[in-house]
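Sharing a structure below in structure tokens format, with a few things to ask.
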Amino acid sequence: MSDLKHTDIEDGTEQITTDPTDAREKMRAGSMTYTLMPWIVGAVLLVIMPFIFTSNSALTIMNQMWITVVFALSYNMLLGQGGMLSFGHAVYAGVGGFAAMHIMNASDFFASFPLPVLPLFAGLFGMGLALIVGSFSTRNAGTVFAMISLGVGELIAACSVIIVAFFGGEEGISGDRTYAMPFFGNEFLQQIDVYYLTSFWVLLSAVLMYLWSRTPVGRMANAVRDNPERAEFLGYSARWVRFYSFVASGFFAGIAGGLFAINYEILTEENLNTASSGVILLVTFLGGVGFFFGPIIGAVVFTLVQTVLSLQTELWAFYAGVLFLATVMFFPGGLAGLIMMHVPAFKTGRAGTLVMPYIKTLLPAAVGVLAVSALVEMTFHVRHAATGDYDMTLFWTTFNSHSLLPWIIAIAVAVLAFWITRRNMPELRAAWATANTAREGTV
Amino acid sequence: MNAMTSTDAPALDISGLRKSFGKAEIIRGIDLSIGKGERHAVIGPNGAGKSTLFNLITARFAPTSGTVKLHGKDLAGLQPFQINRMGLSRSFQITNIFPAMSVFENVRCALLWSHGYKYSFWNMVGRSRDLTEGADRILEQINLTSRRDLPAGVLSYAEQRALEIGITIAGGADVIMLDEPTAGMSHSETDYIMDLIRTVTVGKTLIMVEHDMGVVFGLADRISVLVYGEIIATGKPEEVRGDARVQEAYLGAALEAEH
Amino acid sequence: MELILVNVIDGLVTGLLLFMLSAGLTLIFSMMGVLNFAHASFYMLGAYFAYQISLALGFWMGLLLAPLIVGVLGAGVERYGLRRVHQYGHVPELIFTFGLALLIEELVQFIWGKNQMPYDIPDILNFTAFSIAGNSIPAYKIFMIFISVAIFIGLLYILTRTRVGMIIQAALSYPRTVEALGHNVPLIFMGVFGVGTALAGVAGVIAGPVLGTFPGMAFVLGSIVFVTIVIGGLGSLWGALVASLLIGWLTTFAKSYNIEMSNILNGIGIVTPSNLEDNIFRDLWTVTSPQIADILPYILMVLILIFRPAGLFGKRHT
Amino acid sequence: MKKITKLGAVSALSMIVGASAAFAENIKIAFIDPLSGPFASTGTNGLHQFEFAADYMVNDDGGVLDGQKFEIIGYDNKISPKESLIQLQVAIDQGVRYIVQGNSSGVANALTEAIDKHNKRNPDSRVLFLNYAAVDPALTNEKCNFWHFRFDANADIKMDALTDVIAQQDDIKKVYIIGQDYSFGKAVSAAANKFLGEKRDDIEIVGDELHPIGKVKDFTPYARKIVASGADAVITGNWGADMLGLGKSVIENGFDGPIYTYYAAGSGITAAFGESGKDRIRLISQGGINPIASEEARAAYEAFEKKYPDGNIDQSRIFNVIGMLEKAIEQAGTADDVVAVAKELEGMEYETMWGGKLYMRPQDHQLIQDMHVGVHTDENIDFDYDQSGFGVLTESTVEMASMDSPTTCEMKRPE
């Protein structure tokens, strides 16, 4: 990690307008804080999370989150950094995971090394598959690449039910992680042990993927993404640059698959299918493809939506879809882009002026959104609940969905909330402008 | 810089080069030899095939027949990146940079290969003082130091052209090809760019395409005039200017354009 | 021999149905340069709308009205969704349509529930047109063939013989020039998008009764439509037709004949291993053509993309 | 869906606050099945039946033991093994000791393994897995464990009963077997081959094939092959859209024999077949619905219909799950010690209102019960499916089907 201290400042803030004078000063000061800080904070968070959320289900959900983080980051090596849109990324994680599962079941071999090493093997298998597929798919970017990835993804997913010897058919392959060589006496019986194993790998993988983006081939991946022809006239073969990114991405996807294998001790067709490939695309894009940390946010938010929101409502996928479409339409930079929009304001020290306007607009907007979702839930209840089952519970209140009053309340709240939002909008806009003008002055 | 087969071979040697698109023959048999360290300009009216010639030399298009030799080595069948590694670097008529990356990054990417980094994934580019200093030096040469950390896409047109020249020379290639570097520029901008080209190509072989003879007059050692896919004259600037056929071609084209 | 004829007819029906979807998709692609992932969702909407209308007004009004509604919806999506996302580039556009496909599926479930709808062939077409060696060819299939062929001819006529068609074709290739000539190009784009989705709607209306009207119907067909236009060559109407028929026949024949992998492998001189049960390739040996019929198009697509990235009829791009 | 909503809030809180203590007053039963996505209708209908059965059979009569109530909690597994395991963990954290699941043998496989491991690693929070519908024979054979109980007949038992019926039909000489290409489809095919060979070696199997699951858009080519083969009967284990697509296509393209199925009823399929499937579709199932097995069952069904007019009791075994669990808890005198409850379930005999006797075979935890082969019709139907007027009328019954069938299960019991 000490490698990071020499990293230039502009590396940490790709694709956004930074204040050059400010940035260079920091670089000259050799400031470690800027680049090392997020990793330290991340590591500390990973360590203390289980002390805040102690239940096994919270650990399970967090494990799922971290696995998705690794997977999404590996996906972003393709989409965000390399400009390759893949519709079949799940197969690399899946094949890595299946390989890990087979290693788990090869009892003699599995007993010869400790469990934390297993994801490495999974990564190598993911990488192996990426080597083969990449050899012909990375020749072109764009539509050709996307369609080959779709085709290969469908093929391998279809193979999962045909080639039973490796993929185990529909019920998949299962094993027992505790048969590995004990790791300092730990057999990984409990969720908490698995949590720390997963956390170690997620941190390691994230650091490695970050460092990858700082290497020559990682930088050239960006160049090839933006302008493959120009990159070729700089001495780099666009195809080989894409190929290396693809293979590296396959490696980290495989690690995610290996972590999945350790966590769930079962791999099924679900780990390979196009739906999983689609989900990781959504996760990554939701988080933001333009920034390294974007997919991390996407993975955390999406896992919460999928596991926690789906406990609240059957309509979770509907809300997830709306959230996703809204992101694509209004914040193509994703959630990370939304956050980074505020960096200039923080740099000028004027971020404080935004707080009040935000409260005045976002709070009513949130209330409005909740009111609208209440309307959606009520409509759904009226349409699909059992006859006579008029009672529904929403926001800790139980009421009769067939009476008029709750509808009037919900509509009134929604209208009022959006009206307030609208009324306070100009104020936010003005505050936004002031908070950001100072920056332009210094450029 | 490397891969030279013989020391006395010309930097670029073109013989019998032809190119057809369907039935239309755009390049109709070109022979041209450009010596080391020469500053050579290819001029000609619009549609003469200048850019096509450029694209043939740099393997963007495959020739119908004929050969192009760089330092005596045949370029047939080579990929652009291979030609670049042999010491030829080019710019484009339409600005061709990495708009989403910072100005500094643009230049640094151009330095990577020549600094021997290749496809390495065990080096951190940020740690290399060579790269950082090298890139900053080039930024100074092209007067873009103050724009160092801006995304290249937000630069003005002239600045982007300057950046493109910076990218083109950064790799240390000894043969530099510039495709209409002053296209679409005002007078003062043109002067600025020409000065820039003059300073950054010292000691290198320069081949540039222009349609305006006046622009290259003070810069080029020799000028070739390309009309309808053929070179009708090659020589020192003053010789070319006095050439009757050149006069005719330019005047003729000017007249045609008026109709 | 008779069975071959029957299979040819069945494959034709499948192929033409696919064509109605891929025709719209390929038009939209050549116009906006974007693969519309939600295309099959409009096909699904067509079936659901037609079902709902047929409850009140009968099948024929459904056939008439549902595609219109779908087309208007499609145009609305272009106007208020895609056009906005267009400024961010192609990838966000594609991802937008991807998300839209998910959302439409959720919406359909929200409104109609998750069960299959009892949307049926109209009684007037519910008879056997003729039989070939005991295999009945339902009249509805003949009807499907007629509708698709009529639409193809109509489309071809409009695109090549009418002024509107000329403008559209020009706008596809040279939007700026056409705009300079005083035509409202965004309107043309919106119109083409609407027509493309309406075509998908027609396909949904006529396919719903035979292939089932259920929330998963878009997903089942979704990616195969892409495969079709990629094989045919992006943006080529003829390519879409040829690829659709090719896929229709390929899958139909692969399903109709039990060709076993072991036969093929034996045929090229590889001997079946004696202890097949323990062989790690055992699953490969026992694969039959019906098992892999529906993934054959994907194999074909990958091969075509490797060896001829522009597709069968596509223009070679630089 | 109110229970989901309520518990959702609780679980979200528990995520924030940490582990919540298990409450003693209710006996929580986690229903882990798809409640969203393409299979949600089956899952939701199952949840309704569980909720109804718990209220109707237990809670309305004052509960079990000293008045403890059954509480059914729905967990949406989106038919994904991964999600199922997450929801299992959430359920266990919320103090659930009984897991019910049925849709997809893949999920059941994942759950039974996970529960086995969980119980081994966490003796303090052991749970039982009451499988009400996943029929992969492996679950009570090589993959059996002490914690898993199956209340549905497995695929082999169903085929055994089905072939008993087919064997009696002398006019069936040629049979075509077709199924989805995965473990269950293969199990159906293997069982059909085995039992037909044993019972009627004069029956020729003219076709035996698998098609990709959930991917076939148009079944016409398969229907053509079936017609061309000259088959007198078709056997299929297909479910969902694959069942409907295959059935409709086979009928449409000129096949006129019986189609023996596992899953061609309810969830909209009965309605979609309607008139076209009349006297053609046959179904192997448990539980006497038409004619109704008892007045008690009629009362229960009518009460259910009153509550869910568009719902079906298409899985009457759900009532058996609740009834037998109640009996086991009463006999064990505890609901918290799942080992004691499991030991009571083993070997239990139970009279069901849906007709006949039930016997939980102790060596593999497979419930032995009467199996019925019924026909899709609109005549003499007491209770139709999907409000379509059509239902399944029992034609023949096999009592205590496969009572002595062999099992490879080697049950390991906790001390």
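To keep things simple, chains are lettered A, B, C and D as they appear, and every chain counts its residues starting from 1.
Please note the rule applied: contacts are C-beta pairs under 8 Å (C-beta built on N, C-alpha and C of every residue); 3 or more make two chains touch, one makes a residue touch a chain.
No experiment lies behind these values; they were computed from the predicted model shown.
Chains that count as touching both chain C and chain D, per the definition above, are A.
The interface with the greater number of C-beta contacts, when A-C is set against A-D, is A-D. Centroid distances from chain B, each centroid being the mean of CA atoms, peak for D. If you average the Cα atoms of chain B and of chain D, the two centres end up 74 Å apart. Computed from the mean C-alpha positions, the centre of chain B lies at a distance of 48 Å from the centre of chain C.
One inter-chain figure worth recording: chain A and chain C are separated by 32 Å, centre to centre, where each centre is the mean of the chain's CA atoms.
Annotation: 37 Å between the Cα-based centres of chain A and chain D.
In chain B, no residue touches two or more other chains. For chain C, residues touching at least two other chains, in rising order: 113, 291-292, 294-295.
The set of chain D residues that touch two or more partner chains comprises 37, 40, 181, 212, 215.
Of all possible chain pairs, those that touch are A-B, A-C, A-D, C-D.
Residues of chain C that touch chain A in their complex: 35, 81, 84-85, 88, 91-92, 94-96, 98-100, 102-103, 106-107, 110-111, 113, 223, 226-227, 230, 234, 280-284, 287, 291-292, 294-295, 298-299, 301-302, 305-306, 309.
Across the interface of their complex, chain C is touched by residues 37-41, 44, 181, 209-212, 214-218, 220-222, 224-225, 227-228, 241, 244-245, 248, 252-254, 267-269, 271-272, 274, 386, 388 of chain D. Those residues of chain D lying in contact with chain A across their complex are 1-2, 4-9, 11-12, 14-16, 18-20, 35-37, 40, 48, 75-76, 78, 80-83, 85-86, 89-90, 92-94, 105-106, 109-110, 113-114, 117, 121-122, 136, 138, 181-184, 186, 212-213, 215, 306-309, 311.
Within the complex, the chain B residues that touch chain A are 58, 79-81, 84-85, 89-90, 92, 96-102, 104-105, 108-110, 112-114, 117-127, 132, 146-151, 154, 167-168, 171.
By the touch criterion stated above, chain A contacts chain C in their complex at residues 79, 83, 85, 136, 139-140, 143-144, 146-148, 150-152, 154-155, 158, 162-166, 274, 278, 281-282, 285, 315, 317-318, 320-322, 324-325, 328-329, 332, 380, 383-384.
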